[in-house]
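The same chain A turns up in both complexes below, where it pairs with chain B and then with chain C.
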Partner chain A sequence: MSVIGTSVRRADGDDKVRGAAVYGMDYTEPGALTARVLRSPVPAARIRRLDVTAAAAMPGVRAVVTAADAPGRSGMFFALRDQTLFATDEIRYAGEPVAAVAADTAAQAEAAIAAIELDLETLDAVLDVETALDDGTRLIHPDWESYETLVPGPRRGNLAWEARTERGDVEQAFREAHLVVEDEYRSQRQHQNSIEPHAAVARYENGRYVVHTPTQFPFNVRGRVAQLLGVRPSDVRVVVPTIGGGFGGKLDAMLEPIACVLAQRAGRPVRLLNTRAEELRTCGPRENAVVRLRTAVAADGTILAQDGLIIADNGANSSGETVACANVAPLVLGGSYRIPNARYVSQVVYTNTPPTAAFRGVNAPYCVFAQEMHLDHIARELGVDRRELRMRNLLRAGEPMVNGQQLDDAYLVEAMQTVDRLRPWGELTAASRPLRGHAVVPLTWITNPGPGGAGVKLEEDGTVTVASAAAEIGSGAVATGIRQIVAEQLGVRFEDVNVSPTDTDAAAYDNGAQGSRTTFGMGNAALEAAGKVREQVLDVAAGLLEADPADLELVANAVRVAGVPDRQLDLATVAGTALMTRGPISATGAFVAPPIPFDAGCMTGALFTHFAAATYHAHLAEVEVDPDTGRVTVLRYAVAQDVGRAINPQMIEGQIHGGVVQGIGYALFEDLRLSDDGHVVDESLETYRLPTSLDVPPIDVAILENPCPYGPLGAKGAAEPSIIPVAAVIACAVADAIGTPIRQLPLTPFAVLRALREGRRSRDL
Partner chain B sequence: MSYSFTLNGQTVEATTPGLTPLLTVLRDQHGLQGAKLGCGEGRCGSCTVLVDDQPVAACLFPVANVAGRAVRTVEGLAAPGAPLTPVQDALLDHGGVQCGACIPGVVMTLTALLESEPAVDAATAKEALTGNICRCTGYVKIVEAAVAASGRGDQA
Partner chain C sequence: MKPPPFHYHDPRTVEDTLHLLSELDDAKVIAGGQSLMPMLNMRLAQPGHLVDINRVDGLAGIGWYEPEQVVRIGAATRQRTIEKDPDLARRYPLLPEAISHIGHFQTRNRGTVGGSLAHLDASAELVAVASAAEATLYAASTRAVRAIPMADFPRGHLTTDLTSDELLVAIDVPLWPDGHGYAFEEFARRHGDFALVAAAVLLELDTTHRSIRRCRVSLVGLGPAPIRLTKAEELLNGGVADDDALRSAAALARNLSAVGDDAAPAEYRLALAETLVRRGLRRALRRATQPTTPEVN
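Right, the complex of A and B next:
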């Protein structure tokens, strides 16, 4: 029986439910020192004097480091190298590292931090993303022109990056339009808030840095540590204990380079662990943004053209993914609907605020929120049913998205129809009543196309081991998916496939647990390696069984002659024989998504240019609004999601549930606020509210299988996208419930009461 | 000061200031790392342990308050190598575990619930879990697991 499509238990589950799994936050090493970081108390300042002499002489202090100890300049994905590990001459955000101490005890490290002499001359803080580009605004990076970039991109002054996508004749289409609609939307910062904070334990061994860290993307951390410290990537080894959640927040180097440089200076292991307050203050959240959309439509609702400006807050530097993902905004705005003429300008702007970073779905949730509220505006103006307007403009198979990429397998209509079977639109609309609302939203999304390599070997006992640097972020991609794919290919039990611990020294490059890529990318690499192992097994077994390899099959941990059950060998015998005849059975596999044709000429400043292994989705929400409190209750939710092929349906459902609930938090209450003087207001979970079990509506899930020709066994990415349409569909449903458009996230009770008041006022006029 | 209490059935002595959080004693003095320091402010519930069968946030609970009482942690549920408890087993059976950092706390909350409630339905389970933040699963499969484990408990 095939293991594909079955909901096997996760291989790491037993340890996790027993409390035996060792997470990054649990890990330490003998003799490890405790580290503390001195962080800037103000958002913008010139450093007049930084003196660590007194601190370094204090009891128990083994190392004190500053910018002088970490000379490199770097940036996330090496896209824009505007970040130093410690502030050099200038402070650019409240919480920026200035110095770090390693000491025998936490109390000694804290005392030493307090003894560091820091004299600052405060500067005018640039905090507003919308005025940061105005003439005369102080430049946050006066030396911006000297920074290295991965690819050329338009930028100037406080404009860290600009990505543009432009197709067709936008002006002409606007001139000929039946109707032009224009709107502006705003969204907040959302913090990943993994249960496990960032943690790093580093040692310096034989001239190399060895760092244990719960990162989603070990090879990125390796490269970023090396760049910040001014060494080679191979001078750094990253080992990954069990990861306690990430959601994008653990893609980038954070504490690792600080722990590494301290360990090297101290000659002892160094452990650095964030508090929850440090997490909220300094670890990059989803960026706040402003989205302006102007759309030209025909009388029947056909979209003729769209002009969009996306202004995203980069914070003080590009240590997060916001610059690298700038062109995701145009792609997602122009990926679900037919928009023949389009111009999208995606600007990433410096402010004196903590750097923003990747959070599941990167730049997409607020773009989709803006697009969908805007489409409802168009529907209202034209008197067209909201779902009908979407169905009319939905991209069909073979049609191009905004970058000219033809979506041969587009499945949006099927996704919308599936959701309609779960919660029929006509019935919901017929039953509509005041303060209850519903909405439906389609989505096309990416699977991260990045590279990965795997090794597969057959052990002497007939079990199989995969060598991989893929990180098990929690999704089950490594704990189930990769194992299921390899078990299927080699005809062994799921339990007989092991995967090596994640270690950059032990396996080939892997592009990290991001963009739903692990089952897809590492799955492909492992599948290829397992296929080569299979050939070697058949070759050895054919000799022993005196049969043609073509007549052999691998079933139940054995090789047998098809149709002759008693002529078979178990895999241990094959492995043992191979050792003495041809050497151990092992092979490697490698994968990167194949190129897809698109119109490269329509984009500038784009690091993401197209949607590899695109997936297709539809989400539907039903909500109720309490007119007295403004509280929104999500009554029911439905998701139809194309996963290519479902390797483990239960794990996929878990990803969908989890993404939807994170999306509900983003839609209704999660908001990492900044004060007027540039400090994070919500520095504890008391005011940064996370969804609890009582916030979760019944969620209907339909998994659609629309295979990808270059996915492993047809699989596409499945984990990331369920968060993306949630804020859009809930906001549209709330707007439907109260009869007033929503222009800003999150929809807190106060915001909803305000919208209700404004709605009443405008209707009274 | 010195405080005597039972920890997973064995009498132990903690010599430490009375306001030391129970979690610090468990992790640093007894090597029990199942309960996690997720937030340190009693909000996330990943440090949940049972004191006289009631869930408490060990990151805030002073060790002085456990003197003479019975503390149970996730390590005390199923002995190494022994079968999982119905709650632990159901969480895996229903796919209720992703990153798993909240799970030791969830397991303890649900263990206390199932010990005190003969039949747990979804609403009861959701109510009991409000003090345990899970950022991964959206709670759906954890709630399913709680209901299923309750059923299994009845049969046992």
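Right, the complex of A and C next:
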């Protein structure tokens, strides 16, 4: 029986549930020092004097480091190298590292931090993107022209990056339109809030840095540490203990380079762990953004053209991937609907605020929120049913998205129809009444196409080990998915496939647990390696069984002659024989998503150019609004999601539930606020509100299998996308309930009550 | 997130407790610890001494004083005990209803009645109830036992009339006639969050069941101390119990002033105040008109 499509138990579940798992923040080493970071108290200043002499002479202090100890300049994905590890001459955000100390005890480290002399000349802080772009605003990076970039990108002054996607004749379409609708939408910062904060334990050993860190993307951390410290990537080894959540927040190097340089200076291991307040203050949230959309439509609701401007807040530097993902915004805006003429300008802007970074569904949730609210505006103007407007404009199989990429397997109509079977739109609309609302939203999304390599070996006892640097972020991709794929390929029990610990020294490059890629990318690499192992097994077994390899099959940890059950060998025998005859059975596999044709000429400044292994989704929400308090209650939720092939349905359902809940947080609660003087307001989980189980409605899930020709056994990415449409579908449902559009996230009770009352007032006029 | 160093005292009698409080400088009484422990851990409070009253005899319990028509609740009575008490459910259902909103059941298993009142959080449910109920608080010291009317108890943000050597030992809650109306209304962003605003309502109809003999309305969450909505009470007392009257009374909440903060803007708190008073009055009236068997949680 195939193990594919079964909800096998995850390898790490038992230890996690029993508290036996050693997370990054649990890990330490003998003799490890405790580190503390001096962070800037103000958002913008020139450093007049930084003197660590007194601090360095204090009892128990083993190392004090500053910008002088970390000469490199870097940026996430090396896209725009505008970041130094510590502030050099200028401070660009409140919380920016200025210096760090390693000492025998935490109290000694804290005392030394307090003894560092820092004399600052404060500067006017530039705190919002619109001011930052104004002529005459102070430049946050006066040396911006000297920064290296991965590819050329339009940028100037406080405009850190600009990506453009243009196709067709937008102006012509607007001139000929039946109707032109224009809107502006705003969205907030969202903090990833992994249960486990960032943590790093580094040592300097035989001239190399060894750092244990719960990162999603060990090879990125390796490269970024190397660049910031001015060494080669291979001078750094990254080992990953159990990860306590990431959601994009643990893709980038953060504490690792600080711990590394301290360990090198101190000659002792150094452990550095963020407090919850440091997490909220400094750890790269989802970017706040402004989205302006102007759309031309025909009388029947056909979209003729769209002109969009996305202004995303980069924060003080590009240590997060907001720049690298700038072109995701045009792709997601133009990936679900047929938009023959389009012009999208995606701007990423410097401000004196903590840098923004990757969060599950990079750049997408606010773009989809804007697009869907905007479509509802169009539907209202035209008097067309909201779902009908979407169905008319939905991309069908074989049609191109905005970058010219042909979506041969588009499955949006099917996703919408599936959701309709779960919660029929006609019935919901017929039963509609004041303060109850519903909405449905389609989505096309990416599977991260990045490279990965795996090794597979057959052990002497007939079990199988996969050597991989893929990180188990919690989705089960490593703990179940890769093991299921390899077990299927080799006909062994799922429990007899182990995966190596994650270590950059021990396995090939892997592009990290991001963009739903581990089952897809690493799954493919492991599948290829397992295929080669299979051939070796058959070759050895054929000799022993005196049979043709083509007549053999691998079933139940054994090789047997097909149709002759008593002529079989267990895999241990095959492995043992191979040791003496041909050497150990092992092989490697490698994968990167194949190139997909698209129109490269329509994009500039794009690091993301297309949607590999695209997935197709539809989300539906039903809400109720309390007219007196503005409280939104999500009553029901339904998801139809194309996963290519469901390797482990239970893991997929878990990811869908988690994404919907995280999306509810973004829609209704989460808002990482900055004060007027540039400090993060929400420094604890008391005011940074995450949804609880009581805020979650019943969620109906339909998993759709629409195989990807280059996915492992047809699989596509599954973990990331379920967060993306949630804010959009809830906002559209709330707007439906109160009869007033929503233009800003999150939908706090204050905002909803205000919208209700303003709507009432404007209707009374 | 660990408390600063403190000396720990574990008295077994009220007498010993009062001696400790009179002798020690900078002492804090700890009972359920549901507010004090987080404040210690966040270093918002740094007392030199903690006097733990969890093992002190005679501070917990519910006593019915029929001639005086009061129910006396020991300060160290767990909130969960009040919430589950069948007699209170029947005779003073406002208390269990209000307590069901406090934190989570784990919080209520430890949290005490006296602890909540002595902490005097700006949006505490029991503070609203004590205010509406016109409870009397008993403060004991080596000097005397003093009765403090609830109206005189709050002295500012998280500050009460208790002196540093006094221990809150009990509260007396005057009983209302069987079948009286009551309601506790609260709005919090999430289950278990601090309330943004909460309203406690008590209401008694006259014998015709058409007019309100008397009612009490208290609000918390608008400022540091609970607010009795006396204007609304005056408007309703002796008047016809119809929805127009209730709405007009609730609308008077709009004339209050509220403090805005990171949790909610002032104008939103005032809008909530009106809404919660209106809902509370309606529910209390409904309950007074159609007395049903009280639900026991």
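To be clear about the criterion, the second predicted complex is superposed on the first by the 765 of 765 C-alpha atoms of A that agree within 3 Å, B and C clash if a C-alpha of one lies under 4 Å from a C-alpha of the other, contacts with A are read in each partner's own complex, and residues count from 1 in each chain.
Note that in this section a residue touches a chain if its C-beta (ideal position, glycine included) is under 8 Å from a C-beta of that chain, and two chains touch if they have at least 3 such contacts.
Since the structure is predicted, the reported quantities are computational estimates derived from the model, not experimental observations.
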In the overlay, answer first, second, both or neither for which of chain B and chain C A:V681 touches. second
Who wins on chain A residues touched, chain B or chain C? B
With both complexes superposed on chain A, which partner does A:G245 reach: first (chain B), second (chain C), both or neither? first
Once the structures are superposed on A, label A:A20 by its partner contacts, choosing first (chain B), second (chain C), both or neither. first
With the two structures laid over each other on chain A, which partner does A:T692 touch: chain B (first), chain C (second), both, or neither? both
Is A:N206 in contact with chain B, with chain C, with both, or with neither (first, second, both, neither)? neither
Output check: A:V660 vs chain B and chain C. Expected answer is one of first, second, both, neither. What do you get? first
Shared contact residues on chain A, chain B side and chain C side combined as an intersection? 691-692, 694
Of chain C, residues touching chain A in the complex: 187, 189-193, 262-265, 268, 271-272, 275, 278-279
Chain C-facing residues of chain A, complex: 628-629, 631, 669, 673, 681-682, 687, 689, 691-692, 694-695, 749-750, 753
Looking at the complex, which residues from chain A come into contact with chain B? 7, 9-10, 12-14, 16-23, 25-26, 192-197, 242-247, 275-276, 473-476, 650-651, 653-654, 657-662, 684-686, 690-694, 696, 699
Going by the contact rule at the top, pick out the chain B residues touching chain A in the complex. 32-41, 43-44, 46, 73-75, 77-78, 80, 84, 88-89, 91-104, 107, 125-127, 129-130, 132-143
